[in-house]
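Per-chain residue numbering starts at 1, and chain names A, B, C and D are given in the order in which the chains are listed.
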């Protein structure tokens, strides 16, 4: 799990609010709460996990606040030297990657000629895809070309992966080369 | 009571149109007043639940605001002569109007007083009318930008709040007095009935609006009456006099 | 009061990324609003009940005839002398010890007085529908994340600003910084100025503007509307007094006439029944 | 990036060209703002006055597709005015090398051109070698065939008058840029060039970058803090995914994928011979290749079977994006896997890419959302579902913080992301999806033998028993370990070519040097000097933060700028030291061979002013975009003579007569790439909800278009509807005396999500760069009219 020591106190200080914190203590605000706060402090009991922004190549650190099985807030990671707790509009909003109603939550299948998606089980999807891959691969596999062993299929393409983790791109690259795929491309090209 | 009984003879003082206009005006005014109170000062916040919350109060206030604008039109359309007379009276000021105030002050505090001869409206009513007209215009004119701020420059809306407030304060002050006189003040109470039925006791009309009464008598509309309101001679058949209940 | 804090916005450092807009929505859980195309990069014409700060984008031809692409984070100014607070009939708007101006939604009745009296037009009403399907309204605006201030955190918008265009700190220090910054950038922006209008007693959002306030659609000399001052400081107390006085007068008349009349047994004047 | 984001603050001048970091890499402006505060200048060169331009000290406009004239003029300016860093140029670059006399340049063509093949015989540009095979040099740089003199001659044609005639840049602005940036040629000064797709997405994209490289070498700006050539990556892990070989031509770590076009590749030995240079760090290549084969094929890779080399697929052509879709369009592809990509919005000539999809038998899309691509068969996409027989499998992936793993940013920092929450609904990590698919496919082949089964059966797939693979095992395999003892390898210097070590990606070898020490997870935020943060995450190679940092010191090893020193030679200790990890052999002493050669990854140890390996010439030369409104003033070669042409319906070409307006595409802050990730989020959709084009007041007036009007943009490929944003930030250019208009538009939109709009890429052409085949999104022709 997370190997960082990011308890809440530390986090507060890191947000650059040290001076304010002190002043607040002096003023004793607990007695005289401002009117704005009528509910519990939003991130009072949230779990904080550091991540790296999934958008551009700057690699800003983000803290994800989770509570009650949902994401309640996302903000810049003050520890990360690249962004020092700052973010742009996209980084700030990654909370909605989880909360957006548009997320697909079940595997979807579209049969040939059909005009709709059908929900399917993962296992069925995996097995059917594996079958299709094998059928196409077996049918189109080229063992040798002009006397040279080439072990490839030029009938299957793999596209994308610039937003995957390194470990994922590694496995993807390995799997595709292992299958003999030559049409292997991702967003660096486009 | 040792005094002789007053006569039941009534004369028509107000047209139906005026009665309606006045009624609508009065009711909507009070409705506006009540619905505005909690907005005027948080002292009256307890009224919100009664009025259906701020939204209910706001809605009612707007409904009555429309109602409040209608009486003038009712009067003008259905009793133009009455309206014209009112206007004429308002611009007619004589010494008797000044004298009226001297006596009224005495009366209000229970001192001995005498009736100064007045025409259709006494000087007090005329003053009341003036202030009411003024405040009504103020309130209505300022209320429009408050209601539709999106169509007015901010400054107009902002001044609207001020004038609405001023109008409100003035109107309340005048209305409180007006009502006191009509409802509570016993010397004026026939006027209160009059503004609801349109008819008042002849003796009361003669006492309070002597000039007007005499004028109507001269025209043959009203019976000539004695102190106690009993006719001095038979009235003409086409008079508007009616038998009281 | 101990230290007074202000949000210092140096628009000449802003690069218009709009993180402040999203950070605000994220922290305050504000929903998105469908927006029309406005003909520029700007998303909202002005702040709304669900969008408490708006990044302005202004293409301005400067005095040298060159194009300046100006940005401004616009939000509630948190005036020291706040018109909204003055006109609120419910005392729902108040000052906190941080100098921020906040709306208590328990008290707000949605009358909109604050909306129409704010010299900066930053307050808006939001319509809600309750359980019974009835509609009601509440006024909304930036809170300067007062809930965060109470916990020792800075406002969400300031926390996320990456160019340092926004800072939150001690009022005197921030104003000094602003003044120094204006000196630095006078060559580049001859009309640069500190915007901390005195007409509203100074604000708790202090700007360094690159241009005259009017370029940003800001009033040059904003103040609590005179109408609001007359209304709240004169007309309303007077009105209350008048209601009181009239009421007292009527009661006085009633009582006095009763007493005198009782004594005189209807001797004076005509008796009317 | 050769340097890092934080390093930008040390620059004396940042030239931002072909990029708009204020809008597309906003946090970079945290450091650019610091640079400004430190007295640095920011220069923005862009056809459009962007938010980056607004933040800059100097702005210069140019017509899209004229970067080489702009930079060529700067090279000439630096040379003419003696502003280049003389020692650096002489010692650290190949400017002193003598080129064979077969090298010629005439009317836009270098020697060795074959018009039929549209290719050069590059041997004609070779460097003269001495008996030992070392380059012949002239440190005086005066030899007429020295690279320096050839360069000088080449760019003598790029005089200011000709440059402004073709770029449309106001001369004043042009000279201001030249002056400001060339000032960094002074010893001890640093200038950085920050670029992105505005540079690369041209038919001369690679040469645009080469032009940057040349000027940076001339000014001595490579390898120094505050300097470098910094490609700002558009995706969180486009760096990593490229490092890990998700492009057809590369295996992991930039090892070339073997092709069947070279007979040497028939055997591993031949392949190694072909790939391995005699000098430079790449001489260690066999260790990396064999270790990779050991990682992929495990125990099945033995010395006897050439470490399973033969199982690697060998291609024989260009398989890049455009060619891939051409093959699909021609019905040559049966199946495709898409991992978080949306070519129906993001691909060039996207209308055709969508059409091509219906030729697939099956399509697997792994995504968080339903994309325009996975839904290409729907009515809303303009398709007739009944006629499309493609089977589509849409697998729900989880977001980046619903799983764990590392990403590598532009600065090569490999940062770990921890799992914050369980995947939403039934969505899964791509790691698990890939693992399950591989496992299932392998299972189908388990009982088969035969030529097709052998490679897949030999693939070593051992990441634990569960459905979810053990990511730690994956990390260890990437780093590499001793296959006999399982001990992790401390760094790629320890890799072997005898099959005793494995390493899935040699450049990453060292990130996991010992058990329990995955350095991607390092979170010590202490500044270890010069804002390099050596203990925060891990940067390949070997945690070096500034590539070629040896070049920040003079030949004797003393930093050119002592205030901003990052590495230096410590005579007392007899080795290189500093606040960065020396990108050099640390033990090399004065007098040792190569002590004065800072570019260890280059075969000759020096920076390449002259690049005889590129397809379109050793020096950048201007050619007009595939679709251009102007004539090339430099030669009769209108377009890049070496680009691959795609004819017919797949790629209609437009000409000036019908489409007189230059168009370009770009991104906005609030949306990302094809918009899938952002148009499905409400807060971002709210900020930029509509497709629009930016158009100058002048063009708007000519066309009778008012701000906020709906307009139609048309190109030879298609039409899109959009709002018109009439702006002062676009100005027409005067090109060769004529007014040429340019418009621009974001390419994020499609019909799915909260923010919808027409797809700009329906307009863009299927034409690519001569080296990378990256599509020319940034300069094409169009017309505009009111809708």
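By our rule, a residue touches a chain if its C-beta (ideal position, glycine included) is under 8 Å from a C-beta of that chain, and two chains touch if they have at least 3 such contacts.
Only a predicted model underlies this, so the values are computations on that prediction, with no experimental measurement involved.
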Other chains in touch with both subunit A and subunit D: C
Dominant interface by contact count, named by its two chains: A-D
Most central chain, Cα average position: A
Chain centre separation (subunit A, subunit B; CA means) in Å: 75
For subunit A paired with subunit C, centre-to-centre distance based on mean C-alpha positions, whole Å: 39
Chain centre separation (subunit B, subunit D; CA means) in Å: 87
Whole-Å separation of chain centres (CA-atom averages), subunit C against subunit D: 49
Residues of subunit A touching at least two other chains: 83, 86-89, 91, 93
Shared interface positions of subunit D, touching two or more other chains: 26-27, 30, 669-670, 682-684, 687, 754
Pairs of chains satisfying the touch condition: A-C, A-D, B-C, C-D
Interface residues, subunit C side, partner subunit B - complex: 87, 89-91, 109-113, 115-117, 121, 134-137, 225, 227-228, 230-231, 235-236, 238-240, 242-243, 245-247, 249-250, 253-254, 256-261, 264, 268-273
Residue numbers on subunit A that touch subunit D, as the complex places them: 1-4, 47, 49-62, 64, 66, 69-71, 79-84, 86-91, 93-94, 96-98, 100, 102-115, 117, 122, 125-134, 136-141, 143, 145-190
Complex contacts: residues of subunit A adjacent to subunit C: 12, 15-17, 19-21, 23-27, 29, 32-38, 41-42, 73-76, 83, 85-89, 91-93, 95
Subunit B - residues contacting subunit C, complex: 3, 6, 38-42, 45, 48, 53-55, 58, 107-115, 146, 149, 154-155, 157-159, 161-162, 165-166, 168-170, 172-173, 176-177, 180, 184-187, 189-190, 204, 207
For the subunit C and subunit D complex, residues of the former touching the latter: 13, 15-19, 21-22, 25-26, 31-35, 37-41, 43, 51, 59, 61, 67-71, 162-164
